[in-house]
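There are structures below to look over.
Look at the two complexes coming up: chain A is in both, with chain B in one and chain C in the other.
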Partner chain A sequence: MKIYERLMTIDRRIIYAILLVVVTLPLVFPSVLKVTPMTPVEKLFTAVDNTPDDKALILDCSYAPQIKAEVEPMAIAVLRHAFKTRKKILVLSLYVEMIGLATRAINQVVEEFNSVAETYEDSLIYGRDYVFLGWQPPPIVPMLGMGESISNIYVVDYYGNQTDTLQIMQKVKNYNDISILVALSGSTIPISWVAYAQNRYGLRVGVGCTAVSGADFYTYYQTGQFTGLMVGMKGAAEYEELVEANHGVKGRRVASEAMLSLTYAHLIIMLFIVIGNIGFFLHRRRK
Partner chain B sequence: MNISTDPWVWIASILSLAILSFLYKENPFFRAAEHIFLGVANGYLVTFYWHRILMPILFRPLFQQGDLLLIIPFIIGMLYLTRFIPRISWLVRIPIAIYMGYWTGVLIPATIQAKIIKQVQGTILTAPNFQSWNAGTMGIVWSVTVFIGVLCTLSYFYFSREHKGVIGVTSRVGIVFVMIGFGAAFGYTVMARISLLIGKLQYLLGDWLGIIR
Partner chain C sequence: MKKRIPLILIFVAGLLGVISFVIPHPSYQVYDEWMRNDLLRVLSAFAVVLALGSLLRVHFDKIRRKRRNWQYSWLLLVAFGGSAIIGLFGGVAADGILPTTVRSFSFDIQTLYENIVIPLASSMFALLAFFMASAAYRAFRVRSTEATLLLTAAFIVMIGVLPLGYSISKHLPAFVQWILNVPNVAAQRGIVLGIALGVVATSLKIILGIERAWLGGGE
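Showing the complex of A and B:
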């Protein structure tokens, strides 16, 4: 078999095996890869950071298990940022299968902060500092309805508490009391937030999305419809970097840990693309 | 190495490996895991809809608390089931018509505003658009690039005239922009898929086997 024929017929399982090794080794033997935050992520960070004391932020955790690896680190980074700077935060999910993951992210970050809190004031208290509104279908109902009254749409929170009795909700009535909504999603949900909540009520929307959505979403960032944008695991790593660098929040940085694996995997895929093309051109030349 | 003693972690890990085994070839472990996933996902959805939607929002207020207004959406919803009775199956058109009418009214203005008007505004060569790039004087270059790219790409999809002369040139430039767009989308897709692999390996090597922290 000629060399170009071999290049053209490499068994895909060999490629998978090489990729597996390349991705695994940096995880087992980690080293630091400096992440430089880009402007879209910095803008999102600044928007969350500048949330006034009399306003809250909404975190829409609408990510399903299949994209957890990319988007959950974003949720954790935004929650750490909000809790560290003592922003009031309302968390919700627009679809049922995402509720478990949202609860998991909240519990993890609250536990991180409360395990080192020394006083009641330092602690994160449910109903005072944050609330999990849960799920209210269909998505357009909360998107439009919260512009009038959040408590009317989410009469009870995820745990069954009357939302209008919670301390945090005494000053947060509708979108007028919201500084920014951060939508974490692998679908077009962020565009729906823009179409319904932003167009009608002027709500600012920041986004964390999967890398697959990145190319589509940059146009909304360019037009200013998205205040800021985190794309994929790299976007999450950049936000983690900003939170640690600016507020000294220490904690496991899952996305940052993965950057080396991601880089090597990209390099090896680029190499495979080059090899495949060399094989293709040699093959065509022989013909 | 600190292997997990949590049985749920073991179940999740074994099922993950069963799904990943498809990369080698189709096999019974993959098929079993696939069926378990479908069954569990459907069961979860059905029970969740029953307990968190139908019961608290419809059945309990209607039948236990006497909120009679809910009889209207209840009847409209039940009309979907007439699909299974051939003699009155035409009644299914009523809820479908209501649903379509509602969504058309809600979607069209919002979509035009968010996806067309604002996007077109983003391509116009104005000072705020130059500044939106945060790139100083280069902002003008990027805005002009977007402007040319949009016009050329639109001309590529203009099929009412043969692509000759000016349209021939602009459509050829347009296809370059389209290809760059495809390349960016493909690159991002690779990044996404590798990220998912990394996430799964972090779970298997960390949460399950305890090899990484």
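Showing the complex of A and C:
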């Protein structure tokens, strides 16, 4: 076999094996790689940070287990940010299969804060500081309905409590009391929030999405329909960086730890593309 | 009659849905709110029942007729029944009437979800990275000017989005943002507008009864 043929026909098992090694090693021996936050993430961070005391924010955890690695760190970073700055937060999921992930993120961050809280005031109290509204099908119902009344749409929360009896809900009635909604998703759900809730009620929408969806969402970010944008694992790492740098929130930064793995994976893929193209050029020249 | 009633229903429902956005009068908005908040939820509850019934029927039928891979249908039915029972009677926070802990072993719905659904779904999706690497190596060839431009842009974005990009040049991430914000958005906006016009045209065809494929029956 000639050299160019070898370069063009590397066995896929070799590619898989090399990729496995370069992705796994940095995860086994994690180290946080410093990232520089970009403007779309900074805008989202500022919007959450500037939430007035009389308003709340909504976190829509509509991400499936498939994209958990990319989007869950975003949910955790936003929750840490909101809890550290004592913002009131309403969490929901638009699809049933995502409820478990939202529960997991809330439980983890609440546990982090409550384990170091010294007083009752410092602690995060369900119903006072946050509420998990759960799931209400179909998605268009909460998207439009919460513009009129959140308690009418979510009569009970995920745990069966009457929402209108919760302390947090006494001042949060509809979108007028919401500063921003952060939609975390790998699908077109954030666009639906813009199409229904923003167009009709003027709700501000911030987004966290997978790297694959990022290119689609820049259209909405550029027009200002999305206040801010976190794209992929890098976006999550940037938000983690901002939360730690501005508010001193400590905690495991999963997305930042994965940056090294992501860097090696990108470089290896690029290397293989270059090798394939060298073979292709040699082959063409020979012909 | 079998076709006329669904066609009338979709015409009326489609029209009412559209005009709610252009008639801000409170009386109509109250009606629109009822349609969205109550009627739609009742309809989706029916849809869930219909979907579950359909799923069970398909798999029972597969087992009865011993179709290809019928054994997996048993797996689905057992998982379906098990998770339904635990979910319905075990409570959302392991506080239901069904005990979901045996000594140190928990099998409440959240534990099942975190230890079965999440690892399985994540693993399946993680395999994509390997296929993508292999496919990129085989397919990304610089055969033309367009392919060269595409490859160059891809390389710049792939490096620029990484922390490495900032180490190479502090202007590189800003350049990547420009690529995403300007050339990418220009192309995306064209695609989005095309899709939107297509959706409007198809919706109108469905509302006016021109497009009838959704009725089934092969016509």
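Of note:
Methods note: the second predicted complex is superposed on the first by the 284 of 287 C-alpha atoms of A that agree within 3 Å, B and C clash if a C-alpha of one lies under 4 Å from a C-alpha of the other, contacts with A are read in each partner's own complex, and residues count from 1 in each chain.
Here is the rule we go by: a residue touches a chain if its C-beta (ideal position, glycine included) is under 8 Å from a C-beta of that chain, and two chains touch if they have at least 3 such contacts.
Source: prediction; values computed, not measured.
Contacts of A:V28 after superposition on the shared chain: chain B is touched, whereas chain C is not.
By the touch criterion defined above, A:V254 lies against chain B but remains apart from chain C after alignment on the C-alpha atoms of chain A. Of the two partners, chain B and chain C, it is C that touches more residues of chain A. Of the two partner chains, chain C is the only one that A:M38 touches; chain B does not reach it.
Of the two partner chains, chain C is the only one that A:N152 touches; chain B does not reach it.
Of the two partner chains, both chain B and chain C are touched by A:T219. Of the two partner chains placed by the overlay, only chain C lies in contact with A:F272; chain B stays clear of it.
Residue contacts after overlaying the shared chain place A:Q198 against chain B, while chain C stays out of touching range.
For the contact definition in use here, the residues of chain A common to its chain B contact set and its chain C contact set are 16, 19, 23, 39, 66-69, 97, 137, 140, 200, 211, 214-216, 219, 222, 231-232, 234, 262, 265-266, 269. On the chain B side of its complex with chain A, the touching residues are 23-24, 41, 44-45, 48-49, 52-53, 106, 110-111, 113-115, 118-119, 121-122, 132-134, 146, 181, 184-185, 188-192, 194-202, 205, 211-213.
On the side of chain A, the complex with chain C involves touching residues 10, 12, 15-16, 19-20, 23, 33-36, 38-40, 64-69, 97, 100-101, 103-104, 136-138, 140-141, 144-145, 148, 152-153, 158-160, 200, 211, 214-216, 218-219, 221-222, 231-232, 234, 259, 262-263, 265-270, 272-273, 275-277, 280-281.
Considering their complex, residues 13, 16, 19, 23-24, 27-28, 30, 39, 66-70, 96-97, 135, 137, 140, 191, 194-196, 198-200, 210-216, 219, 222-225, 231-234, 252, 254, 257-258, 261-262, 265-266, 269 of chain A touch chain B.
Taken together, the chain C residues at the contact with chain A in this complex read 21, 33, 36-37, 40-41, 44, 48, 92-93, 109-110, 113-114, 117-118, 120-122, 124-126, 129-130, 132-134, 136-138, 140-142, 151, 155, 158-159, 161-164, 166, 173, 177, 180-181, 184-185, 188-189, 192.
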